[in-house]
């Protein structure tokens, strides 16, 4: 074995930029809506026992049934943190049903990298979530991306707990 | 595969005559001392759990310490039956210590096929037991040959049970 | 040659798949392996799959965050999927890998017997069981007091269904645990009827499929049972792996078996929580290489076709039944209507052990003893054991002829 | 290259023994396998031994009366003998083959914990245990009420021996169950001292040698412990086989574990009796092919020499300690005086899982997570897990350099 010598950046990980797009790194470092929601009407906890990721999700449903606010706390990798962050941004203003439909579509995107069934009505939202589509090439990371969405389902369904296994 | 046709005796097993010498077959078919000894002073049961062989051994010790009589009952293969039969014949008139020494020597014969340590004083007895020496080539059958002798030890030691495992 | 076997099933070609069958044995005789009921030989594809796993795709499963570990995890889980399809399980999570079928039955006795079944409930087994389906229930009885009832077997070696009905009648039975096929008598038990009767009386049904799964197509949903156990090494797969199938509803209610890694959801010193099935029952590093081997074995028999295998075996059974009947002094144990390729017998002139030694000299591998079914041998008054010939998919009618000839000669030898 | 390794230990040559190490990985990168602590790769001799067993000498053991079965039985028992010699057991009957070390510890918890230890006695474990040495004792506690005490680990990752003394002081401890080497911290525990202290207080000692047995010579008689567990797949052997060593006096007093074939002396429906050890604890068809593989693995490491392996590892440990200390933002977990080749760490800029994904791209296989030691990670405030690099006898200092470089680059990537 001949190691490449020196510590200078050789771009060893350059082709991982597809997975770790700038948006992901940014949301991973500085997650949006990363706080406790005191007036939450629905909450749930999501666990990924394999890697120790954990999120606590807060959703405030307005009287009209729309999601007025969404926030989260917890610990996790860049992918799961960015996914939760992007999710809280994206679901605001949606009805519970819309949010769940979006989640189903997103899970397909995360698993396959494409989304043939994405209706035009979700186009904007999916564009926002598109930076996460790179995970489909990393089977063990798909569940990092979907943990937040599983947890959202649990919160909206009132089951309180989700596990991404 | 081409089977040899016909059922005529082709001597398929001829080279097993070393293991199954005429003496063995004879003692196996018509074991000597195959009975219950009502006046036994020592008894023991021997089991070979693997194949289901079982013997019940009866020993009558005379006041002078010699084995006045020995007999057995039970079920077993030709080897174990013949061995028990030959043993009961051979140990009569021996002291307990002599019988146990003989057993140790016999076990060596059964395991190795030879007996370099056989003292002259046991020569007659070992000649009698020699037909069993063929078992040493059949590792799984050695314990058939030694079961009776293990059981004799148990009887003489008062442990009542022996297992040839 | 095997002219009566169906054209599609070419036993001569199949034999070439098994390296050991072309190994010269002592004194140049070909190997006539008639002990597949104890453990079957391994085809080239199984050996190769295990080698490939170790040479190209090995790592621990479920734990790594790297490609090799993902490959190994995928291979392990693909084996689970193939196993589920093999017995038509409704859900892949219903497949728990164990180390052998003995462990599978102990797992049920431990987790379901102690954890779900009611203390007052009884277990029904039968006289034809292998020790693996007797001793775990005795241990349960001795530990927790659950009564153990034993269903009789008639003189033909078939389950006495009236006796089963009697045992079920009082409604106190929690579980009926019966072999799908006897490893001594060859009897295939009427599993659909057993299930119907047991369920009608509120009892669950465990089937010990260690023998049956090798010999015919098994469809656990069609059978309707609750638990099904089998073992890799008899199915032309490696040692070290077995299978418990159970309905998810049962697995979900069962406490875990062994404690350790991979079976937990979270661990603190105060309290741990369990992973969902099947993880809950698979503590520690699983038999990864062996699962890959089992997968290859399942693919192998599936490609040949379980129906073709069963048809070939029927040919062998008919041939053996006729041929052994002509061996003087031979008494066959078991004459069930529905039976597989396992023949245990007694020969008047020779003890089973002596007989096996003789046959071995002729290159014929058979077993002698009680075949882990002592009570069954006692039932038939054969405490001294029997000699058993059991067939695999590579067995030929020629081999059965060789056996029959050798038996006749052995009788002469000892008379 | 590895100029500091002793002459006798030629790591370049050793690497050629492992087929997987010369398999080209994704994008042509060589495999840098730093996850041997989870499971080690297999040398050619192990693979070949298993193949040879399946191709030339396979049959079920202990049961047959024919040559092939005798060969298989001899091979299986020879593996037991080699295992006994490997850890210097006094008697070959003290070696019980299990499916992995998790089962070995569960066996002790089940048979000794429930069957021999007194109901009021406590078990002491430590903060650095693998789940396999935590959960079985929790299950014992929850089932039978035996208190579970946890010995502290200091900030360097060493056992707090004063705390152990405190736990033992009241004389109520029946068993001290401790890892011989931590799979996270690398810490090698002072086993002779532990044994002396425990025995002085009337407690027995179980050592979880899953890691230690791979890294140094183990002599159970010199250590003086009562139970020792390890696992085949970490010792360059196959999956599906583990080892429990226990003093014969303990095994003789323990009730059996699983019920079934091969573990009995006699079976009737009313009552069964047990075979002597080790058979009593090995129900069903054992891992025959795997035992043969383990035997080859033991022969392999023995031929290289456990002392040479330990020396090589010391070189690696020193190199890694120095090299990783120079990686900015890296915090190493565990700084024990006596430690083996396992390095768990946190990198400030990157989550362990992200880091593992990056390293995988560079061909470097490391683990991310809590390595089946959740409580230990909680103890060090790293609930989110760590990244772990663990070495095998084929690991080179060059590979450690590659790791260190990649870590530095990964940090740049995420900052």
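Here the chain labels run A, B, C and D in written order, and each chain numbers its own residues starting at 1.
In this section, a residue touches a chain if its C-beta (ideal position, glycine included) is under 8 Å from a C-beta of that chain, and two chains touch if they have at least 3 such contacts.
Here the structure is a predicted model, which means the values were calculated and not measured.
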Between B-C and B-D, the pair with more C-beta contacts: B-C
If you take the mean of the Cα atoms for each chain, which one ends up farthest from chain D? B
How far is the middle of chain B from the middle of chain D, if each middle is the mean of its Cα atoms, in Å? 46
Using mean CA coordinates as chain centres, what's the gap between chain A and chain D in Å? 37
Could you tell me the distance, in whole angstrom, between the mean C-alpha positions of chain C and chain D? 31
Counting only residues that touch at least 2 other chains, which ones in chain A make the list? 50-51, 141
Which chain D residues reach two or more other chains? 63-65, 69, 264, 266, 352-353, 357, 368-369, 374
Testing understanding: with touching defined as stated, what is the shape of the graph linking the protein chains, line, ring, star, complete or other? other
Can you identify all of the chain pairs that touch? A-C, A-D, B-C, B-D, C-D
Contact footprint of chain B on chain D as seen in their complex: 62-65, 69-70, 73-74, 264-266, 275-276, 279
Residue positions on chain A within touch of chain D in the complex are 1-4, 6-7, 9-10, 12-13, 15-16, 19-20, 25, 28, 50-54, 75-79, 81, 138, 141, 144
Interface with chain D, chain C side, in the complex: residues 19-20, 23, 25-26, 31, 33, 35, 38-39, 41-42, 46-47, 50-51, 54-56, 58-60, 63-69, 99-103, 105-106, 109, 130-132, 134-136, 138-139, 148, 150, 231, 233, 238-242, 256, 258-264, 266-269, 271-272, 283-290, 352-353, 356-357, 359-360, 364-369, 371-372, 374-375, 378
How about chain B: which of its residues touch chain D in the complex? 47, 49-51, 139-141, 163, 165
Chain D contacts chain A in the complex at 30, 350-354, 357-358, 361-362, 368-370, 374, 377, 383-385, 396, 398-399, 401-402, 405-406, 408-410, 412-414
